[in-house]
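There are two complexes below, and they share subunit A, which is joined by subunit B in the first and by subunit C in the second.
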Partner chain A sequence: MNDQPAPLLQVSDLSIRFGELTAVDRISFQIGKGETVAVVGESGSGKSVTALALTRLLPPAPACQVTGQIQFRGQNLAALDDQGLRRIRGKEIAYIFQEPSASLNPVFTIGAQIAEAIRLHRPDVSDPAVEIIRVLDLVGIRDPEKRFRSYPHQLSGGMQQRAMIAMALVCQPAILVADEPTTALDVTIQAQIIDLLRELKAKLGMSILMITHNFGIVHGFADRVLVMFRGKIVEEGPTEQVLRHPRHPYTQALIGCIPRLGQKKQRLTTIDYSQIT
Partner chain B sequence: MFSEITRQQFRRFRTIRRAWYSFWILLAAYVLSLGSEQIANDRPLLLGYEGRWYFPTLKFYSSETFAGRYRTEADYLALEKEPSFEQKGGWMIFPPIKASPLRSYLDQKGNPPHPPSAQHWLGTDDSARDVLARLLYGFRTSMSFALALALLGTLIGAIIGGVQGYIGGFFDLTAQRLIEIWSALPFLYVVILIGSIYGQTFTVLLLVFSLFQWIGLSYYMRGEFFRLKDQTFAQAARALGASHTRVLFRHILPNALNPIVTIFPFSLIGGISSLTALDFLGFGLPPPTPSWGEMLQQGLKYLYAPWLALASVLALFITLLLASFVGEGARAAFDPKATNTVR
Partner chain C sequence: MNPLLEVTGLKVHFPVRSGVLQRVTSQVRAVDGISFAVPEGATVGLVGESGSGKSTTGKAVIRLAPVTAGTISYRGVDLTTLSRAAFLPYRKQIQMIFQDPYNSLNPRLTVEAIVGEALEIHFPQMNRGARRARVLELLDLVGLEPKHIDRYPHEFSGGQRQRIGIARTLAVEPEFIICDEPVSALDVSVQAQIVNLLQDLQKRLKLTYLFISHDLAVVEHVCSHVLVMQNGQIVEAAPAEQLYRDPQHEYTRKLLAAVPAF
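After this line comes the complex of A and B, so read on.
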């Protein structure tokens, strides 16, 4: 290993435009092997489209224009054709989305959907059923032999998200992109899912790109934080540093919004945008 | 393959008694009509002659087999009356309706069309052919035609509408305008034109009809795909590395089955009535094919022979009514808005 190993994913000068609107404006960042990076920002700050742009999941031009470079293991994903991208999607860069109940296809069983991921990317697996039960067990789904045959609507939200994670993990991706994986879940389940992701990361050594608007789950989970505001990265740094000493006024405002336990009864803080430039 | 919701919809379809029974009556009638040769025929089901058994409804036997003079197929009705046949121990068991739809029974009193009698329960038409036999064979033709047409139309409509909705944008708008132009073509003239060039066979008519049949369904499928392609599960499938074709047909299509199931019975009705209409006008299947439209036309021509019009109108009415009941039930059972209501 070199002293300074090349990052797994290197994004440079990425811009995303929808017609007149610039959703993401020349951002650059990188993700190292085994690193957890959190992208934090409010709705419309461009964090979700950034995640989708990594494997070009956005609508094609002219509806949406993506420029810039996305280097994954020395390969520019922005220049890859559809077939090449399909080999990256799921296999190398896997996604989990915000709404687990909508991300699972309602007409197929959990097992069938995980089997599809295996079919697409894991020709080495001879017995998919065994592998599916193994990953379902890995993500903490009890009774995997039974859940295997369950339809999405028969599972709770937390279980559905676990199934989604299982689907993403079965291909052993290098990077897991988690687009607000806990937003649609209630607070106790949120904590369980975050714990699960942390545990899996330690076990499997993959990188995670976590997209969230919630500073609460960043702490103790992410190694590094990117703060996005109006399509730009306004602050970047190790989690502890950003949380303790936010420099950009937007970051300060965002952290100020987190309600604390034992806080005096008062109006919740909101962001005064006129103060931020 | 089927989700819980779909199974629930099928269960609900079963609780709609009228639709459920209509479905089975129609299905049973069609299955029976597939064996029309065993139900209405001028050949016997079973024939014994000189100690051997013959199955004339299934196999060709020349007249020579039964000591006749010719190599052509034996005329069993004449053979039955032959004294020498009986002397050699010959016997026959005929199907319940002892008449073929193509044979003219001119050995009766009076001129055709003959009124109903013990021999011809619904009388005969203007060529002295048995009405009941023609009705039965005509049912098979109509249903087969309508079923094939509905299947073909569903296939084309689902693919075109689905691709339109999935791709969207400029492609969709262009395709939509082209479809509008296409649907404005005068259908009857196209059928007459193509029929006169290639002949009015079952296949040609089927293909021409299906050129127009798919349009209605494609609108619905387009809408469904528009809605479903932006659902997260479609995006999740893309993010998993599935190709567009795979997302389109494997992930979205099973979620868009509602319009297909609900429209199918109504396409069936459309198919039966269009073929009948075309036959009525004389541009349908060529004579002497047994057909309800042709019989309707005769009924109009020979108003003094009401059994012609009555038989064909009633048969058409009952068939269409049953299919409508099925369609109505399917529509109620598969209505997505009714999924959570308690019945």
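After this line comes the complex of A and C, so read on.
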């Protein structure tokens, strides 16, 4: 494709080791401006630590050794000092995680938690309250003036995840990293959150790095898919191509074991790991 | 054929207390007048979103939730009227598998103790040696190895932990198992293994399942009959094939439409 945007983030030869264990083994990938890239893999494939490594959210050395280059807008994040990195983390590269109830602080209101993000990263905002209400409204939280004063436990899981997204978006990030953002949610709420992310991406022109084990939500959402298996990217390509014509045996096996509506089988296919090299 | 389990007009209401005097100010109608039957040897699916009352329904059957009204008839006996002692044999016949294999196993106990605990309670005549032999047999049944018997839960993956949970459930030789979101917390590849295991066990041990899940694709795969719950009520009940081909209720259609497909 000729119209592929210039890479906003370029990861080269990234390796992550925890002692003897190599969690991620020399992977390279890029994310273009406004592009949605999905990283798909099972537990332990290295997808979440890859996302965390981007802004040094992993434990420091010697517990965890990260090597390789992470170029963001031409700047190597891996070489940046802590202060420099704080200007990127949360501001330029923001995160939402799987369990919103675990990511929100239970003793502060939603409004106070979003205000903290504004105080740290948006000195340009003169009236935080107005901005908070604007983002709560943007993520589809009804009665933002009222919800502003709600504590996390007063919101449902779907609403909590919307609040997390609002907190990430208030900094107007260039890249939103979404690590299993809908895994803990009901299917109907999952569909709403995916629709919301799609809508926000179009509206704000941000890039999304989606980490998931669910091929279903990748379809119709991600432009490109990276499939991770045992710390390596085993397949990469446009979403439709990977889903319809997976080339790597692991991708084929992973897609094959998903039960699908209207395609009832006698037995679900499982992955025979001995057949995958 | 007579159903194994027949639930009629089941209501589970929880009081909401407020104010200094903690007076009951309202009721949460978690389950609000539902009736259904589970035939012997069948797998009946119970689907719905969080808060629809599906888990509470499962819990009410084994007395983990208080029954406000209605009857729960198991092989013709109304369980709701039984005394604690009279209910005990049903604790053995009816078992439950939980969603989160991480939280449902005691981290301080070995696999032998976890699975053996159920044997101690329900088969007090068994000695230690016989118990260990039975635990090994159960591990084999669920696809775990003999070497796993002395290990602790943290040494296992999510899928293996769910297998331990299933072994514990099977220890007391139940007839009827309530599977409450048994695969929701697992990776798709592991999910397929556990679903296959549950189906194999059903055939081998002639088990009956009430399969509670929000995953409609998994439910279609394993269930012969499906109940759709919303706000404490069953809004649609139909044979699986019919429900998926021609959903009648608007809510069922909405749930089906929300399933990511590709």
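As a convention for this text, the second predicted complex is superposed on the first by the 270 of 277 C-alpha atoms of A that agree within 3 Å, B and C clash if a C-alpha of one lies under 4 Å from a C-alpha of the other, contacts with A are read in each partner's own complex, and residues count from 1 in each chain.
As a working rule, contacts are C-beta pairs under 8 Å (C-beta built on N, C-alpha and C of every residue); 3 or more make two chains touch, one makes a residue touch a chain.
Please read all numbers here as calculations on a predicted model, not as lab measurements.
Of the two partner chains placed by the overlay, neither subunit B nor subunit C lies in contact with A:A38. By the touch criterion defined above, A:A191 lies against subunit C but remains apart from subunit B after alignment on the C-alpha atoms of chain A.
Contacts of A:V66 after superposition on the shared chain: neither subunit B nor subunit C is touched.
By the touch criterion defined above, A:V139 reaches neither subunit B nor subunit C. In the superposition on chain A, contact of A:C257 is made with subunit C only, not with subunit B. Look at A:V234: by the touch rule set out above, it reaches neither subunit B nor subunit C.
In the superposed pair of complexes, A:L243 makes contact with subunit C only, with no contact to subunit B. Look at A:S103: by the touch rule set out above, it reaches subunit B but stays clear of subunit C.
Using the contact criterion defined above for the overlaid structures, shared-chain residue A:G216 touches subunit C, although it does not reach subunit B. Interface of subunit B with subunit A (complex): residues 1-6, 169, 231-233, 235-244, 251, 254-255.
Interface residues of subunit A facing subunit B in the complex, by the touch rule stated above, are 55, 57, 63, 82, 86-91, 94-95, 97-99, 102-108, 116-117, 120-121, 151, 153-154, 164, 167. The residues of subunit A lying in touch with subunit C in their complex are 42-44, 156-157, 186-191, 194, 213-220, 243, 253-254, 257-262, 264-265, 267-271. Residues 49-50, 157-158, 187-193, 195-196, 199, 214-218, 220-221, 244, 254-262 of subunit C are the ones touching subunit A in the complex.
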